[in-house]
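Given below, in the form of structure tokens, are the structures.
You will see two complexes here that share subunit A, one where it goes with subunit B and one where it goes with subunit C.
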Partner chain A sequence: MSVDTSGIRLQRYTRSPASSGLAIPMARIALILVPLVAWEVCSRLGLINGFLFPAPSAILNKLWVQSGPNGNPPYAILWHVADSMLRLLSGLSLAVIIGTLLGVGLGMSQRARLVFQPIISILMPVPTLAWTPVLLLVMGIDNRTTILVVFLAAVFEMIYIVASGIEMLNVKMLWVAWSMGASRRQVFWRVIIPGIFPCLITGTRLGTGYAWRALIAAEMLAASSYGLGFMIYDASEYMNIGVIYGGVMMIAALGYLLENVLVGKIEAATIEKWGVLNER
Partner chain B sequence: MSVETAKILPLRDGAGTKPKIVAKNVQKYFGNVLAMEDISCTINEREFVAIIGPSGCGKSTFLYLIAGFEKASQGELLINNELVVGPGPDRGVVFQEFVLFPWLTVLRNATLGLDIKGVPRQEAEERARKWLRLTGLSGFENAYPSSLSGGMKQRVAIARALSYDPEVLLLDEPFGALDVQTKNYMIQDLQNLWVEANRTIVMITHSVSEAVQLADRVLILSSRPSRIIADVAIKLPHPRDLRDPQVRRYEDEVTALLSAEVDKAMKRERQTFAGRS
Partner chain C sequence: MSNATPSAPFAGVADEQRLRSILYRGAASAFLFALPIIVFLLIWETTVRLGWINATILPSPSNIARRAWVLLDPADPAKSILLTHIVVSLWRALSSFALACVLAIPMGLFLGLNRTAYLIASPLLSLLLPLPAVAWAPIFLVIFGQGDITIIAVCFLGAFFPILYSTIQGVRAIGRHSLWVVRSMGASRFDIFRRVLLPGALPALISGLKLGMAHSWRTLVAAEMLAALTHGLGFMIFAARSYMDVSTMFVGIVCLALIGLLIERGVFGSLEALTIHRWHGNGKVGSHR
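Let's look at the complex of A and B:
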């Protein structure tokens, strides 16, 4: 009997993607590849300005060289990526931790909400970059400045989403834990954190997007020697167009990996496994 | 084994004369709405009390007051002669809506109370597995709640409350989501266990047969704002069979009291409805 059901299930699962066939993946890849090929061809045939629009192959070649020992400085791209990641992940981790703590505090206490709501509503819409000049004056051109910008870019979203996640949490889940004699710490780790996990993931995902954008911009203003933003800014000073495009490509690729692959993995291991998404 | 214990202890109420839960003139408002007018009662140690009443009359609210989740607007609630100030591990609750933790497996849901107490994992699992077995959930220990049916979720909730062995069990329509077969089977099984467990049990139900089959006393609540309109002692040994004419007589008595109340409530509702239109 179990064999029968598994057969039925398999069929049901394979049918719906099969009906659309390979059309969607093909279209997805084509949408990226076709413009690149067209660009390459046009550039080589001289139909477009080869200086402003260097061929993709030339850009990739530039990236390759800059990543290797013959780069200027050697292994430049790797250093740029490493520095950007260090700043991004430090700022983002801080934002997730502090944003979660503050969000839980706000969500759990109506009094705190009443007190802090106005200030958060005022600060939240301020574009993060507006802070950069002040931070630069206070801390100088330093990793601390960029990390703080990343933190500010992500933390408000985190606070907001966590606090609203707590408001949506079924109070009776807290009741169950309290009636078992759970301490504050136990309630926090065993009920609140897993209970708002879908919100934590959404907040992290959105926060990563904001943080990434803020980081690149901040590095253009406030990085001394390394970072993808700095790399692009520096290249534009020297009209090094290939490096600019290469930087944009790296930013796009890394942003995709961070937002979709990393966060997506966490999602699959948690809320998808629990079946929380299906229940809604 | 449990059947034999039941025969040795013919009457549960013989054991309990010490007041466990005392409600004195408890009144509950939600905003301007008076949900509970005046409830006074005493539930003795090791007594099994069923509370029955029209839906929306405040049965769940009364249970939440005992559990310490809600505060009475007037009057006082005592447990072991002490004022209830909040929830605590001496009282275990089975919610009408189960309230399982979706991120924990069935087994982890059932061991939660023991985990929180700091009971070693192996012992906790052993005790939880026993209740999962008795509620017919063996084989589902590693399933997540989202994959269970409503009846199974309810049984996990029952196992979760029983596993950590609170002195008082507060059950809010604990068989509401079960199909008739499972329910009868579980009632048969739990009757003996509850006699053995020697716990104070307060069970909310809207089923008269559940109430007379399980309880030592049945409290009947009026419609909102609620008062206790009858307190019927069921002086019969466990396990009880619904086909027993004595059990039937109690069932008829409680049904009569309850339907008189429901009739009254319906009439009142119709009058206000007619008055409005």
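Let's look at the complex of A and C:
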């Protein structure tokens, strides 16, 4: 009954050499750097149109000059970033606060859900930017317009996620709190908010993504002097292509920071540390 | 057919009763859904009529409906202004979506199957993914000028990355074991693709397509406001602003929402019903992105 196994070649599953050591990080850097270097060389040698595709070094130089005291106006880039961030943060925090309140209201009360859910579900599919012209008419070219667009971009996601978070909340916790005579405020701060916290973080994360996209577009349409979106749109009117590329790079870098680093840090500090995600 | 119904006539009656109750319940829930909206519109109408809200800024719903009727011009559909705008917008959104599908799905399959390629490309992807598609608009405006090419290119970028990302995630979620099993049983490459990869990645793929279409549609509005020359719903809304024609703006907003909803629920809803729900039995869709 013995089986001849000598013919079977034993092969151990090993990781391929490409996926170990320095090869992957090198290739990653190369994937970003090689096109840039090729661009630089082609632009310098005049192989591609130097007006439409200025060399990356020229773009970076322009960014550096514009963010220094010799920019026009001085420290221009820093002001653009500061204004964009101000609008994003104020719109986003409005959306988080109002979205949480509305979401809790909708989640807790059957009656409120009956009344407001249809209205919200017909407002939700409207592309956020379609409101921009209306808001422009009502408020003019102003910070309020961009902040409201950012708010609208993020608030529906917040409402939706918070309301569904409340549905997942264990009803018994509410019963316990009520039966021991907790006031409305205590129930809200001690039971509901900790209970829906993971959803709150998820909602903020998704909302930040939507808000960031809406902000750039809204600034193109409705900002008057500052903001990254305004910067690149204004530059396109003057065919100032270096500023556009620089602005797009800044937007990409800031979006990456917002989405992966900032919100990721918050997530790691709260949800993952408390282990709430594993409980669910 | 062991548990077949005992006699046909009674079954027919029961079926009819069940159908009637389903219809009744459907009508009731539709009514419950519509009632708050109707009340909301009535309140809006009366506050505008009573002059509590400035009608030049927020026109009454009846006013908007009348404006829509004029723009739609049902007597002569060939020359209807609103229909032209809608058709132009749809054409732009759909062509950029199709282009994104053609490029993103094969690329996603490749990056999903090839671990090394995925590891190499992932930093670049995570840099490009949160970049708003509209941010490309100024570059395209300088290179191509205003017009269809710019709009379609911007919408293409809006749709491309969600589809690419979901395809990669869908393929990577399949797991090696099912691939090994099928390969060890001697399946050809095409069989593996058709019987394992495609059904396995489909839930994520379809939610990616849905997301891509939604992004394309939402980006379209902004792109048309920035770069359209004559037509398109976004152009209509933005142009109406110069004439303070608020009713037209609201007509555009309603159209955008309705068409977006129709595409999402109608097209992708039935696509999901046809594929995922049939292949995966129950309606569990891997909706977690």
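The definition used in the following text is that the second predicted complex is superposed on the first by the 244 of 280 C-alpha atoms of A that agree within 3 Å, B and C clash if a C-alpha of one lies under 4 Å from a C-alpha of the other, contacts with A are read in each partner's own complex, and residues count from 1 in each chain.
Criterion: a residue touches a chain if its C-beta (ideal position, glycine included) is under 8 Å from a C-beta of that chain, and two chains touch if they have at least 3 such contacts.
All of these numbers come straight from a predicted model, not from anything done at the bench.
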Subunit A as common anchor, with subunit B and subunit C clashing or fitting: fit
First, second, both or neither for A:T270, with subunit B first and subunit C second: first
Contacts of A:V134 with subunit B and subunit C, given as first, second, both or neither: second
Contacts of A:G50 with subunit B and subunit C, given as first, second, both or neither: neither
Which superposed partner A:V191 touches (first subunit B, second subunit C, both, neither): first
Partner chain(s) touched by A:A177 [first = subunit B, second = subunit C, both, neither]: first
Partner chain in contact with A:G71 - subunit B first, subunit C second, else both or neither: neither
Dominant contact partner of subunit A by residue count, subunit C or subunit B: C
Touching partner for A:I244 - first (subunit B), second (subunit C), both, neither: second
Smallest separation in angstrom, by C-alpha atoms, between subunit B and subunit C in the superposition: 10
Contact set on subunit A toward subunit B in their complex: 170, 172-173, 175-182, 186, 190-191, 194-195, 197, 270, 273-276, 278-279
Subunit A - residues contacting subunit C, complex: 16, 18-19, 24, 27-28, 31-32, 52, 114-119, 122-123, 125-134, 136-138, 209, 212-213, 216-217, 220-221, 229, 232-233, 235-236, 239, 241, 244-245, 247-248, 251-253, 255-256, 258-260
In the complex with subunit A, residue positions of subunit B that touch it: 67-69, 86-89, 91-93, 95, 97, 99, 101-104, 112-113, 115-117, 144-147, 164
Subunit C residues touching subunit A - in the complex, by the definition given at the top: 32-37, 40, 57, 115-116, 119-124, 126-139, 141-143, 217-218, 220-222, 225-226, 234, 237-238, 240-241, 244, 246, 249-250, 252-253, 256-258, 260-261, 264
